[in-house]
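Paired with chain B in one complex and with chain C in the other, chain A is shared by the two complexes that follow.
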Partner chain A sequence: MDRVGLGWRPEIAAEIFARLDGIDVVEVIADDYFEAPSREIRALRTLAAQVPVVLHGVSLGLASTARADVRRLARMARLVDRVRPEFWSEHLAFVRGGGVEIGHLAAPPRTESTVDGAAANLDRARAVVGSAPLVENIATLIDPPGSDLDEGEWVRAILSASGADLLLDLHNLHANAVNFGFDARDFIRRLPEDRIGAVHLAGGKWIGRLLDDHLHDVPDEVYDLLERTAAHASRPLTVILERDGNYPPMEELIAQLDRARSALRAGRRARELARV
Partner chain B sequence: MNPFDFRGPEFLLYYAVLGVVVVAIVWYRRRARGSSGLSSEKLADPYEIACLRGGPKEAVRVATCALLDRGLLRAEETTIVAVRPDAAHLVGKPIERALMKECSKTREVTEVMSAPPVAAAASELEEKLIRRGLLAAPEGRIAALVGMVLMAAVALIKIVIAFGRGRYNVLYLVVFAGVFLVVLWWIAEWRQTLRGLRTLGDFRTLFGGSRAKAYTVGRHAPDLALLTAVFGLAAAWNHTRSGEFRKLFPSSANEKGKVTSYGTNCSTTWSSCGSSFGGSSCSSSGGSSCGGGGCGGGCGGCGGS
Partner chain C sequence: MSSPAFEGFLARLYVDSAFRARFLADPEGEARRAGLSCGDQAALRAIDRKGLELAAHSYEMKRRQTANGKRNGRR
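And then the complex of A and B:
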């Protein structure tokens, strides 16, 4: 059964918790808790007793020919072990190189080398943490130079080489499609239908290109992509609305969740009809 | 061998060993009830949380403020009244229904709080929490009380005997007895069990970052109830109606809350966008060289999440 939820953020935590009857799942940023005192980890456990929790990593930098830092993986392993989330996820990005933290989720060149590097890092993550993360496609304002593959080919190659499942960020996909002129619906259609496990929704703004900033409402195009994803994916989806600031009243976020549910239902109906 | 015939130092040693054993037994019983592992209580009802923190009357106070916020009750000085005589059917929880029924005509809030139907609904919350092991059952205090009586009685008997024998150097014994009584008082479950205390602490940790919000009347009822349940009515002092709340519950007006001690994740919050992107409205960094805006965000510049 598909589920719809919100990213857990301290500023809106009480509002989320007070409306758990309309929220199926919450996504917690794992990195906020890597060095947290035990009382904060225990609090997360208590949260997980009220509502399903998934963890989302941002700093492992798995899509790289450089080896993922085992100490960071060990921190994730400890957190996963203590919080017992339903799953954890991380980005197909690199965040450091040559010992320098670049502080961004950066898109690596889309080549066979980075496919192999990502697959090796995902193997390492699986070994250290005990489970592989769902991997998330990222947004980028520049087409990574030195790429031999397009984004769809690259993502599919990583899924195939690593066995990891996909967290499909539909606003990232939409932003890249707008910025680089490809068809997002075709991207979704070519994904292996049994490998999409979760979806991110968010909003952005136009700055000459479409910027994925998580500060705006989910645009219509993304709901349309969600419907198409639901029509394509064979597994139940966990859909998370990400909002990182400029918070509207919670009723508006709940309304966006309701709209996501409607899109999921419409997509599932279309999938059923297509199979008849 | 009668221990009361022991000489001073021997008796003090005997008393200390007895005290340590009694404290250990009381502590062990408390831990056995309270689960020493990670807490994982399912507890989402704000009125139950309020009752856990401050007792049945606190649950009524929180419910009253929530109903005022929702516009179902109206306050004037120290009186409250339902906005409509039939408003009780608009609320779902027993404590809310009881409050609304009692407020069908204008009444003093103190009168409403002690009205039998309201008190009964609030007591039901307390009983639920006792059944779930979050509040201490009366029997949970017995071990500590027995221990305190035992330690006090042994010390008193010895002092009486000593005085009868013309010895008055009982200062160390009095100090020992005082220390053990304080420790037993400290570890006794007078209200919350260890599990209850941990669950409350977990909620304070989870919602510490949500306290600084500004309220708009009628818009935030669910989280107003939750925040006042967890932190006390002080959490609502920036509410548009805080003046009404203070007049109704002046004893809560001096609550300072403990916002700083509970802490938040703000200073360390990552956005799902990446480290330097900020991503939370309370992050300090905000923005990045490749995008970002406002109070955070900016994931899309060099890769979004």
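And then the complex of A and C:
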């Protein structure tokens, strides 16, 4: 069954607790808890007892020709073991290279070598953590230099080579489609229907290109893509609304979750009608 | 194409403004001095310059937020 939830943010923690009746699942940023004291981990376990929790990592840099750091993987493994999330996720990105920390997610060259690198790193993640993460498509402001695959080809190749499932970030997809001129709907249609496990929704702003900043409401185009994803995907979807600041009243966030639910229902109806 | 060396070059481009300025003045020269292949040099010569500047600025903002103690590593 599809479900809809929010990214866990300390700034709105009290409001989230007060509105768990309208929130099916909560996504926690793993990196915020790698060095957390025991009492904060206990608080996460208390949260997980009240609402399903999933973990989302941001610093492993798995989509790289460089070998993933086993110490960072072990850190994720310890947190997964302590919190027992329903699943964990990470990004198809690199975050460091040559001893330099970029400080955020960067799109690697979309090539067979980064496909192979991502698959090898996902195998390592599976071995160390005990499970592979869902892998998320990222937004990029720069057309990744050195690429010889388009984004859809590259993502599908990684899913095929690694066996990992996809966390489809629809605002990242929308932003990349706007910025680099491809059809986001076609991207979704070409995904293997049984490999989409989760979805992110977010908003952004125009800075000369569309920036995925998580500080704005989800735009209409992204709800449309959610409906199309629900029409295409064969598995239940976990849909997470990501908001990192500029918070509106909680009632407005809940309304965005409800709009997501409507889009999911419409997509699922379309899927059923197409199968008749 | 792509290698740890190429990714390292990109990481430095995104983070080091002085290096980025030298690169934009002579992309192939900087790539050659870094020991990158002819294919990598050609790819960097054709780099998306507008995207490079936007991305570098965005990454700098993220690093500042992290340095200021803002949690939620992901944006």
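Here, the second predicted complex is superposed on the first by the 276 of 276 C-alpha atoms of A that agree within 3 Å, B and C clash if a C-alpha of one lies under 4 Å from a C-alpha of the other, contacts with A are read in each partner's own complex, and residues count from 1 in each chain.
Note that a contact is a pair of C-beta atoms (placed from the backbone, for glycine too) under 8 Å apart; a residue touches a chain by one contact, two chains touch by 3 or more.
All values derive from a computational prediction rather than experimental measurement.
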{"item": "Partner with the higher number of touched chain A residues, chain C or chain B", "value": "B"}
{"item": "Contacts of A:H171 with chain B and chain C, given as first, second, both or neither", "value": "first"}
{"item": "Partner chain(s) touched by A:S113 [first = chain B, second = chain C, both, neither]", "value": "second"}
{"item": "Partner chain(s) touched by A:D150 [first = chain B, second = chain C, both, neither]", "value": "neither"}
{"item": "Contacts of A:A43 with chain B and chain C, given as first, second, both or neither", "value": "first"}
{"item": "Partner chain in contact with A:R9 - chain B first, chain C second, else both or neither", "value": "both"}
{"item": "First (chain B), second (chain C), both or neither touched by A:G98", "value": "second"}
{"item": "Which of chain B and chain C A:Y247 touches, first, second, both or neither", "value": "first"}
{"item": "Touching partner for A:I207 - first (chain B), second (chain C), both, neither", "value": "both"}
{"item": "Touching partner for A:L20 - first (chain B), second (chain C), both, neither", "value": "first"}
{"item": "Touching both chain C and chain B, counted on chain A across the two superposed complexes", "value": "7, 9-10, 29, 31-32, 56, 58-59, 101-106, 140-142, 207, 211-214, 242, 244"}
{"item": "Chain A-facing residues of chain C, complex", "value": "1-12, 14-16, 39-40, 43-44, 46-48, 50-52, 54-55, 58-60, 62-63, 66, 71-75"}
{"item": "Chain A residues touching chain B - in the complex, by the definition given at the top", "value": "7, 9-15, 17-20, 27, 29, 31-33, 35-36, 39-50, 56, 58-59, 82, 91, 93, 95, 101-107, 136, 138-142, 169, 171-172, 175, 200, 202, 204-205, 207, 210-215, 242, 244-247, 249-251"}
{"item": "Touching residues on chain B, where the partner in the complex is chain A", "value": "38-44, 46, 198-199, 201-203, 205-211, 213, 219-220, 222-223, 225-227, 230, 264-266, 268-282, 288, 290-305"}
{"item": "Contacting residues of chain A [partner chain C, same complex]", "value": "7, 9-10, 29, 31-32, 56, 58-59, 64-66, 94, 96-106, 108-109, 111, 113-114, 117, 140-143, 145-146, 148, 179, 207-209, 211-214, 242, 244"}
